[in-house]
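Quick notes on the structure that follows.
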Amino acid sequence: MKDNRLRTLWQQDRPAVNAWLSLRDGFAAELMAHQGFDALTVDLQHGLADTHTMLPLLQAIAATPTVPVVRVPWLEAGVLMRVLDAGALGVICPMVNTREEAQRFVAWTTYAPRGTRSYGPLRAKLVHGDDYATAADAAIVRFAMIETAQALDHLDAILSVEGLDAIYIGPSDLSLALGCKPAFDSVEPKVAEAIAHILARAQAHNVVAGIHNGSAAGARARAAMGFRFVTAVADAQLLAAGAQAVLAAMRA
Amino acid sequence: MKDNRLRTLWQQDRPAVNAWLSLRDGFAAELMAHQGFDALTVDLQHGLADTHTMLPLLQAIAATPTVPVVRVPWLEAGVLMRVLDAGALGVICPMVNTREEAQRFVAWTTYAPRGTRSYGPLRAKLVHGDDYATAADAAIVRFAMIETAQALDHLDAILSVEGLDAIYIGPSDLSLALGCKPAFDSVEPKVAEAIAHILARAQAHNVVAGIHNGSAAGARARAAMGFRFVTAVADAQLLAAGAQAVLAAMRA
Amino acid sequence: MKDNRLRTLWQQDRPAVNAWLSLRDGFAAELMAHQGFDALTVDLQHGLADTHTMLPLLQAIAATPTVPVVRVPWLEAGVLMRVLDAGALGVICPMVNTREEAQRFVAWTTYAPRGTRSYGPLRAKLVHGDDYATAADAAIVRFAMIETAQALDHLDAILSVEGLDAIYIGPSDLSLALGCKPAFDSVEPKVAEAIAHILARAQAHNVVAGIHNGSAAGARARAAMGFRFVTAVADAQLLAAGAQAVLAAMRA
Amino acid sequence: MKDNRLRTLWQQDRPAVNAWLSLRDGFAAELMAHQGFDALTVDLQHGLADTHTMLPLLQAIAATPTVPVVRVPWLEAGVLMRVLDAGALGVICPMVNTREEAQRFVAWTTYAPRGTRSYGPLRAKLVHGDDYATAADAAIVRFAMIETAQALDHLDAILSVEGLDAIYIGPSDLSLALGCKPAFDSVEPKVAEAIAHILARAQAHNVVAGIHNGSAAGARARAAMGFRFVTAVADAQLLAAGAQAVLAAMRA
Amino acid sequence: MKDNRLRTLWQQDRPAVNAWLSLRDGFAAELMAHQGFDALTVDLQHGLADTHTMLPLLQAIAATPTVPVVRVPWLEAGVLMRVLDAGALGVICPMVNTREEAQRFVAWTTYAPRGTRSYGPLRAKLVHGDDYATAADAAIVRFAMIETAQALDHLDAILSVEGLDAIYIGPSDLSLALGCKPAFDSVEPKVAEAIAHILARAQAHNVVAGIHNGSAAGARARAAMGFRFVTAVADAQLLAAGAQAVLAAMRA
Amino acid sequence: MKDNRLRTLWQQDRPAVNAWLSLRDGFAAELMAHQGFDALTVDLQHGLADTHTMLPLLQAIAATPTVPVVRVPWLEAGVLMRVLDAGALGVICPMVNTREEAQRFVAWTTYAPRGTRSYGPLRAKLVHGDDYATAADAAIVRFAMIETAQALDHLDAILSVEGLDAIYIGPSDLSLALGCKPAFDSVEPKVAEAIAHILARAQAHNVVAGIHNGSAAGARARAAMGFRFVTAVADAQLLAAGAQAVLAAMRA
């Protein structure tokens, strides 16, 4: 099994640039995969893909060096295991709010006897190699999303869970949780403070910090702060923003 | 965000006529949507659709004034949120049996800080408008199904949960729960009594009552009783009953 | 290879009752197949199915005694052969206008050396038996649609093509061709006359005559005239007419 | 049947701004449809969509005022008729090279007795209205692509075919045909000359001229020249160009 | 409702030979179904199928006497009920670790008042008969997977749950749980001992024992031991092993 | 654009070992692609794939060095161009019977001004490189199938068409054409003679000869004769033969 490029970047203290796949179209994924992002995240939570369409997206990415990451809809064993079996090398779990939830997340993504992931990596073994059974636990990156008031309350307890590699901040949900309007880059001060706090605590625990952004500028600023997994853009956003720019130019 | 037509009808004390989509065919949904039902319910529980095929069905409905409703397979956070992100304006949750379950249902379908629905309404925002984040909580209709013995035991506790807009009765499951044969319109007396009881308690709590029926006659009778969301027919039923009538006529 | 039930019915001079699949939903097809029609026709011309979705429809029919028929979009070799490879036991070709077109139709659906159908009946052999290569030519039923002014001009030339088993009348196109409004059952006199003429000539050539109808009553009347393959209804029609009846009853 | 908005724009001598759907994703189409283009063209020739995936794309567009156009893969009767049955209000046919080909194109998209389009507009009638049979011929817009040396030789013969509403220039193929490199906006002089010539001849014949462009600037320039159907952008192009811009910004 | 062939075999103390469907291709399933296995198991856990693609696989099997079994991804009510509604006659639940989990599994697959399965067997009733509501509970076979250390600890408690028809051993997960390498047939002694123990306890409780194997030889050996549901091969394995044999022969 | 590995093998006078994809499952294709065949052929003629499902199959192959080839259903411009746009590096056309047909085949797969292939290689350019427009004509391999009596009559005329790279023999169709039973490896003498003749004439014209076989032994024998593109097996065949072997072993 090859080294997970995310881990390689992090060993070099370099941020991984991630893009978001909200569409569920295999060719859109292939097109995005050929652009050169460090990672692409298939979003099964708020995106359109599901366990059915995830497969061709992961296959499309596989012809490139881009690392395939999947965000699951919820902390559920069945989908977490399917996502890894399908070959994801990173998995993002939304709304991890307590130490116990973080432990379940790690356990469900780690083989026995250390965890309780069920064995049967049909595609993962095909594409990642015959040593998958022994190498997967260490290769896969587990991101717990920190985006609720409850998670802030249990932050250190979550961050200290063994096997949790990274956290990922959803600024929109975090904003709502703190009584603010959902936003990505230009969050309200209370949210900005929370983000800085989460980053600092993650760094203190040697846990990689990632965050969702709404623009390249936002992502760069976050990387400069110390985030090491920065989502810079989503495919659906490229379509909408690009189309609006074209129409504006046509009607100017 | 436009007013949810279900709420408008209810403000006028008029029953909403609903039809059931058990098939998962986009054109069948479009055909049904053009007939003029007040609502169409995509059934992810006992119907054939799933989170994958739900999307084209909701898109097909979107060209008409019909309100898109989805029944989820079970009280699970992931699917509830996906259904709303996809643009459903009503959501029916099966087998809500306790106050705590009703509370979870409401929380998962309501944004923070009041609830815990995660933010990311990709399609919902596109089709319902840019104010979705602030308007969705009040616009969406939440139906808890009352269809078990346990739910009957906790009826008032469930009905008094803040944010629960409506209940929906499944006469077949309710019949089984009471030791009777599954039926829609012609339920056994014990079941009829339970239905009347549920309706009365819902009205007492100012919660809209809905019910599944097997025919237009059944639905009309339920509307006359006071039900304000009456399912009159299912697409699969139209196919089977219609085909049988044609064959009977051919062979007469 | 079992006897084609269409041929069995015709040997007994009995009409085959056919229903039309305009939807492309596998479960709708299965539902229709369990009702007891003699044949179901997957419509690749004006229906929604295509060479992709045809397969699950044919698989759904295969669990029942109903004969699977497919109407191709046009007189094209590629699609005719795919339809037969997929296991269709009858094939309807639209707008066969000349003797030469009828000959091509027969040739493309008949193996060499008599015809030019290419060999590779992957699914057909699996479900119809190992003798498919030798038995298929005689088992398959070929329907040429007679529905244009040109076809009327070449009627006897078409009907005398060896290997053409049957014709199928599309009353709507025939109506348009004769300057009338499209209709199924209640065609204008000029069209009625043409239909009777086609039937008489088909009978004279010992070619089975089939026709599209809009109702059981229409189909029965055609069967009484001598048609031996009568389409009585379409799935999409069942949905629309059924839904309209329910809504009318609700709003009465 | 409502007026075709393309014809309305042209009566006002205004250019229709078109965007190109190369992806085959229903949500991408819906996203594009909500941006406000006058038309969206589903490309069955060089795009990824096919007769199977065309349907959800057309359904997604149907909730907006955008005019649905389809480019067929080739001058073939079967696909032309399917595209119209599915509700397209404009159809672009590639590589129409002779008067006879243009005549076939018009005939296959026009009902008898004037043409030979077969009747069965299942979805088209549902979404465009019950008068579709009589109104469709006049409502639909037929674009013949002029993009080969042969077509240039037969330009006036093609443009004078009755019922041909519009032509559409593919600058890339035209460039190759004239021995130049494929390009959209910055074509070589020989190609620019041919484009101007085609436009002038189209105007002389009262045939609307459309053209494919690679940018809003290119489309505006073409509109200023007199083109009345200008493609300004493609969805796949938005993804690729947008992603490249984001990555460039990240790595600056 | 016909007798479940699995129960018939077991009444005769004969082992059922099962094959595994890891692919999600309808034709691959049909091809496998025509070979004559006693049962085919659609794997929603480690296989590629999901609730979307499960349907055409089950339809493909339905034309043959092969018993359709489904393994669900996890002990979740929603998917268990969907699988049965879709017509599965056997259901395998992974990682059943405690008596309470086994009870939930049985309850969710049994109608009220004995269990809590929700009623709505759309396809199951169509294909299995109108008495499905009363006959299903007794006809369906429920397999709890015993494959963790925790399950070994609670073995008798699990096996004594009323309504649990069978257990199924996953030798790979069991191996990992016991600190060994994942394997099917040639398990390490500690695992072999555990397997023999599980079999003995199942027999003592009159619960049918099933097991996953990697070859016909392995399956035969397990059947000889007393296992009565033996998986002999998986479709994906046939492809890989067969292709490797062909390539080895080509390159010899 | 990288060198087409088929051409590299042929320059070294080595046979390319091809396997056939009759299924239309993306994972089956990926599994086959990782085994190490020189080429995989997606069969749109007698296989289950179509222009819709071809795309994920080609994407699955793209992560490996295996050369993607597609057999089209028929000599039709639209599908030939779609197949190449999708990234196929080889294309097999069935039943090429005359010099004129071979010329059309070559023209439709070659850009202007030498041919008439329309330009728009969306995916082909993405995966094969920005020089696709200029490099594709020389890189793509065009196989004309020789499998009819008519083709035998015009053999030299076909083989001398400029730009035709290869021929491919379908022994089954050739057998039928010569009045024999369809077979792959053990053809009747008359067919064996025809095969040898075709090979000899192809070699005389410096046209690569390929052939379909039913086994590795058959393919090796053909390679020894001088065939340089030998299909050794099909995925569906691996499933059926493998399953039969397992069942035979179980029931021995």
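Order of writing sets the labels: A, B, C, D, E and F. Residues in every chain begin at 1.
Convention: a residue touches a chain if its C-beta (ideal position, glycine included) is under 8 Å from a C-beta of that chain, and two chains touch if they have at least 3 such contacts.
What you are looking at is a predicted structure, and each value in this text was computed from that prediction instead of being measured.
Q: Can you list every chain that touches chain B and also touches chain D?
A: Touching chain B and chain D alike, sorted by label: A, C.
Q: Equivalent interface to B-C, which of B-D, A-E or A-D, with over half of contact pairs matching by residue number?
A: Most of the B-C contacts reappear at A-D.
Q: Using mean CA coordinates as chain centres, what's the gap between chain C and chain D in Å?
A: 34
Q: What is the distance in Å between the mean C-alpha positions of chain B and chain F?
A: 53
Q: For chain D, what residues touch not just one other chain but two or more?
A: Each of 27, 31, 48, 50, 52, 55, 76, 79, 122-123, 236 in chain D touches at least two other chains.
Q: Can you work out from the touch definition every pair of chains that touches here?
A: Pairs satisfying the touch definition: A-B, A-D, A-E, A-F, B-C, B-D, B-E, C-D, C-E, C-F, D-F, E-F.
Q: Which bits of chain E are touching chain A when the two form their complex?
A: Where chain E meets chain A, its residues are 22, 43, 45-48, 50, 52-53, 72-74, 76, 79, 94-95, 147-149, 170, 172-173, 176-179, 181-182, 236.
Q: Mind listing the chain B positions that touch chain A in their complex?
A: 50-52, 55, 76-79, 81-82, 85, 111-113, 116, 118-123, 133
Q: Applying the document's contact rule, which stretches of chain F touch chain A when the two form their complex?
A: Counting only chain F, the residues touching chain A are 26-27, 30-31, 34, 55-56, 59-60, 62-63, 122-123, 126-127.
Q: Please name which positions on chain F make contact with chain E in the complex.
A: 17, 19, 23-25, 27-28, 31-32, 35-37, 48, 215-217, 219-220, 232-233, 235-236, 238-247, 249-250
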